[in-house]
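Next up, some structures in structure tokens.
Two complexes, one shared chain (chain A), two partners (chain B, chain C).
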Partner chain A sequence: MLSYLFKRLAVAVPTLLVLVIVSYVLMYAAPGGPFDTERALPPEVMANLDRKYGLDQPLVVQIWRYVASIVTDFDFGPSFRYQDQTVNEIIAQGFPVTLTYGAWSFLAAVLVGVSLGIAAAVHHNTLLDYFAVGVSIGAQVLPNFVMAPILTLVFTLWLGWLPGGGWQGGEWPYLVMPVIALSTSFMASIARITRSSMLEVLNASFIRTARAKGLPRRRVVFRHALKPALLPVVSYLGPAFVGMITGSVVIDFFFATGGIGQFFVNSALNRDYPVLMGVTILAGGLTVLFNLLVDLLYAWIDPRIRY
Partner chain B sequence: MTLLFGRRMFREPLPPGTGDAPAGRSLWHDARARFVRNRAAVASLVVLLLVTLFALFGDFVAAWSNEEIDWSMLGSVAENGAPSLANGHWFGVDELGRDLFARTVQGTRISLMVGIVGALISVVVGTLYGATAGYFGGRLDGVMMRVVDVLMAIPYMFVLILFMVVFGRSILMLFIGIGLVSWLDMARIARGQTLNIKHREFVEAAVAIGVRPRRIILRHIVPNLLGVVIVYATLLVPSMIIYESFISFLGLGVQEPDTSWGALINDGASQMQYGTLWQLLFPLFFFVVTLFSLFFLGDGLRDALDPNDR
Partner chain C sequence: MTLLRVRNLRVSFATGDGTVNAVNGVDLDVEAGQSLAVVGESGSGKSQLMLAVMGLLARNGTAAGSVELESVELLGLDERELNRIRSRRIAMVFQDPMTALNPYLRVADQMTEGLVLHLGMARREALAESVRLLDAMEVPDARRQIAMYPHEFSGGMRQRVLIAMALSCRPRLLIADEPTTALDVTVQSRIMRILAEARAELGTAVVLVTHDVGIVAGGCEHMVVLYGGQVMESGPVDRVFAAPYHPYTEGLLNAVPRLDRDDSRLPSIPGDPPDMNRPPAGCPFAARCPRAVDRCRHELPGLLSRAPDRRVACHLPLDGPA
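Coming up: the complex of A and B.
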């Protein structure tokens, strides 16, 4: 197990390094400096600013310093636009929000998706199955940026049940629409994957044996079929996580929840590179970490995988 | 061969073209027959053709251009801007008094173009990359696929946005950015297929008569990957369209006066509180219908071209 972990880390660490280097080089190559304003500053002031932020050093030194300060102090440096805020403070402010509705969405997508998939497979070719398949096909063309306006239109403008945005410390009315908008398309994919792999497993001979022994159907489905049927779902969790992290940008943008996505879009519009890079690297780090967890989970569920 | 000739010897010579052996049924012939039987896929193909015609020729039909502002509408869009046949704004006008029909035509154009270009890049780059890695195998394969692993683990949307911010937001940059990430999945699929076919007899025969690896990959491996590649490319088009719309929805993609479905949906969503719902619903309709059709088309093609997969 340990050697497997190290093998996975051997991919994870270069991934993060590539991400940091690519984004730093992109930022370095960007036309126009971070302190360019409408009125040109005197060259001495520019030089001082550059020195203060270490921008007068060669590229390699800059990258080295950046990586070193992230690794040793978890410090992403100052924001160029908001002089009184560091990138860390911005992330600390937005991340809990994103994490809250993100975790709920993930939970909802997995629980509802898996249940729907199992129900559809067990009641294969019944009305319930057709309903589940219909929902999961329909939801495929409803990504978060389509779901969000539709939900707001129905629940805020027409029915007036839910607030159209804001956060208010995460009270549940403010949580409902972000969670639904973010989780729907992933829920659909999980339902589809669960259904097809469950159908396959239910046709396997060990299931027939279990049924022939006279075990009740419920027990066969949950004790014998569920674990192997969930393997493809587990391997989908990684991409789903990436999709949700990305989707959170739309949610924060559209519902003004104040999560990191909102800062990300604002800094993209303001060319606030340190914030952009900080958020990108944070998202990359979380993704790598999560993929590592999924791999370990997979290896634990499926003993055939030898590390 | 001798057996065939031997059997023929005892029969009357047949007029050409009416052999008693069943008519030749190629893979593509079979595939077409299977595809035509799939009603949902054929209907999707028709819908996609209509959407394409709309994007190509909508401009000639439109009564207004996409940049022109109808000054008579300005300030009273909610009351007078609704879709109407009388004043030529068939889809209504947007919040600036621009004709939504013309803007939808243009948005459809850009969204379809992004989908097609992204899929094309992924077909060319991904297939060649995957076939090369799979064919040579060994250390080269290890390194090449490790690179793909590393790139796939990156949340590319963030990098893509960073890329767009740094190099300026233009359609060209959008194409380049999307092209940079679109080939990864295709490379994996092409490699997997290549591993399957590289030990077949026709490849061995080619190696035996001394064909160069480059030529084997291009002439023997790649044509045999085509079925899978086409299916997957069809399924890639909608995801490319979704990527682009995602970025444009955030206002970080195409720039005014250009537009795309994502940008139009965002415009519509930001105006819906004023009751100008047509601004949201028309682009949304095109987006959903096209994506639906693309998924069904991809499904139909998969059933048609990849019979093992059922």
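Coming up: the complex of A and C.
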């Protein structure tokens, strides 16, 4: 088990390296540069800027220097756009915010989604089932960029219950709408996955054995069916969590929460190379980490899986 | 005393293509401590009959008629009332031991939960009892094995676990649905012996559902032959084997390979079982029966007594005109 863990972590290094190289090449290949403005700067100024940031070097050298400074100093470089701020500072500032509302959204999506899915499967083809299916389809077609303005409209402008944006260190009134907007569509997917896999498991032969033993339905569902029914949900959780981190693009835009999401888009538009690379590596690292966690969770749930 | 009394039991399933009638008016009696074989081909309705008795039909299935266990009507009981009867009065062992145990739970957890729930044992006590039960089923090193997961057991061992589990609350009736079909032939006879020993020790009546006429001969007192969801013939095993009344029974018996006969070509019954979407008007076996006459195709023969303890549903039984 431990050796498996080390192996997986070792494989993560080349994975991330490939991510860095491919992203860097793509970024470099995209037209435009970080210092392009509407009125072109004099060529001498451009040359100086390029020299200062090492952009005059061949691509291979640039990538090598970038990776080397990460490995030796954990330095992801300065932002080209936000003066006096390094990428490390930008991420250290924005990521905790994103992680806070991301984690709450994750928790809400899993708890509500799984409960709704189980309830629908256990009461298959009843009003409750139809209600749950209806809600999850409705939530699925309401992506966060539609949810966010609707929530603001209702809770801020009409009812005046919640602030329309801001963060204030993550106090709950500022947390509610971002979490709802971010979690709704994930919750719907989790509910759908849970429902269909629970329905399948409830038809399994071992569930019939459990019922033949005269176990109450609650025990059949939670003790015998829940674990296997959650396996497909678990495999969805890795991509879902990363999806919530990248989904923060919309949240930061609508609620001015100041998370990392705003940089995903802005850095690309601004050709702010170091910031763009930094958030890309962050998302990539989280993906690798969560896929590993999901695999470990799998082994914990299913005794037939051993590493 | 009659332990299980089934009268005019009908099981039907609502499907996309209409109603499928799996069981069409079956009568069945199981005396206390008796061993009864329910014999039939795939699709004869034998498994659905037993699932109906347990109240375990699929969601789209309905059972009508009467199923009395110790004079208590089981049809129409709700799940909670049935749960008081399952395990303690009736238990069931299913066909495929590879899928009948929960792969996500240790054998110990699966064996003890019934004892804790139904007999009110403490967990430690239930664990000791489970080990004792596995020992009795000749599971080697039961004390250690019980902490393992089902996938670490062989098929034969899993079936022993399932039988031990089914017998753990000392039911009055054990329904074994093709308990040996998925197992090696060498393991089959040991499972049958284990069932016989349990019956002798606990006085549990056993209903053995099978398509294998061979294992009926050694292990059961009475037999019921099912075809198209109806009883074709019933009686004591030795007498039915010696002289079957129904042409279908005879066909089944002839299809068993025997050492005292030249079996270079094993006789089989030509044709297929009837389509239960559109059951035939007359005898369900008429289309495949070598003796069938016009009457068989139009008029359903009743299940009539022909000798003490023996009944047959046939217009032209083998021992002479009806």
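What we mean here is this: the second predicted complex is superposed on the first by the 258 of 307 C-alpha atoms of A that agree within 3 Å, B and C clash if a C-alpha of one lies under 4 Å from a C-alpha of the other, contacts with A are read in each partner's own complex, and residues count from 1 in each chain.
Convention: contacts are C-beta pairs under 8 Å (C-beta built on N, C-alpha and C of every residue); 3 or more make two chains touch, one makes a residue touch a chain.
Remember, it's a predicted structure, so these values are computed and weren't measured experimentally.
Peer 1: Output check: A:His124 vs chain B and chain C. Expected answer is one of first, second, both, neither. What do you get?
Peer 2: In the superposed model, A:His124 contacts chain C only, not chain B.
Peer 1: According to the stated criteria, A:Lys7 is in contact with first (chain B), second (chain C), both, or neither; which is it?
Peer 2: Once the two structures are laid over each other on A, A:Lys7 reaches no partner at all.
Peer 1: For A:Leu215, select first, second, both or neither according to whether it touches chain B, chain C, the two together, or no partner.
Peer 2: second
Peer 1: Once the structures are superposed on A, label A:Arg51 by its partner contacts, choosing first (chain B), second (chain C), both or neither.
Peer 2: So A:Arg51 meets neither chain B nor chain C here.
Peer 1: Is the number of chain A residues in contact higher for chain B or for chain C?
Peer 2: So, of the two partners, B touches more residues of chain A.
Peer 1: In the overlaid three-chain picture, which partner chain does A:Ala204 touch, first (chain B) or second (chain C), both, or neither?
Peer 2: Only chain C is touched by A:Ala204; chain B is not.
Peer 1: Sort out for me which residues of chain A touch chain C in the complex.
Peer 2: Contacts found on chain A: 124-125, 204-206, 208-217, 219, 223-224, 227-228, 301-304.
Peer 1: In the complex, go through chain C and note every residue touching chain A.
Peer 2: Those in contact with chain A are residues 54, 56, 59, 79-80, 82-88, 91-92, 94, 96, 99-106, 113-114, 117-118, 149, 151, 162, 165-166.
Peer 1: Mind listing the chain B positions that touch chain A in their complex?
Peer 2: Touch residues, chain B against chain A: 146, 149-151, 153-155, 157-159, 161-168, 238, 242, 245-246, 249-252, 262, 265-266, 268-269, 272-273, 277, 280, 284, 287-288, 291-292, 295.
Peer 1: In the complex, go through chain A and note every residue touching chain B.
Peer 2: 11-12, 14-15, 18-19, 22-23, 26-27, 29-31, 137, 140-143, 145-146, 148-150, 152-153, 157, 164, 242, 245-246, 249-250, 253-254, 264-265, 268-269, 271, 276-277, 279-280, 283-284, 287-288, 291
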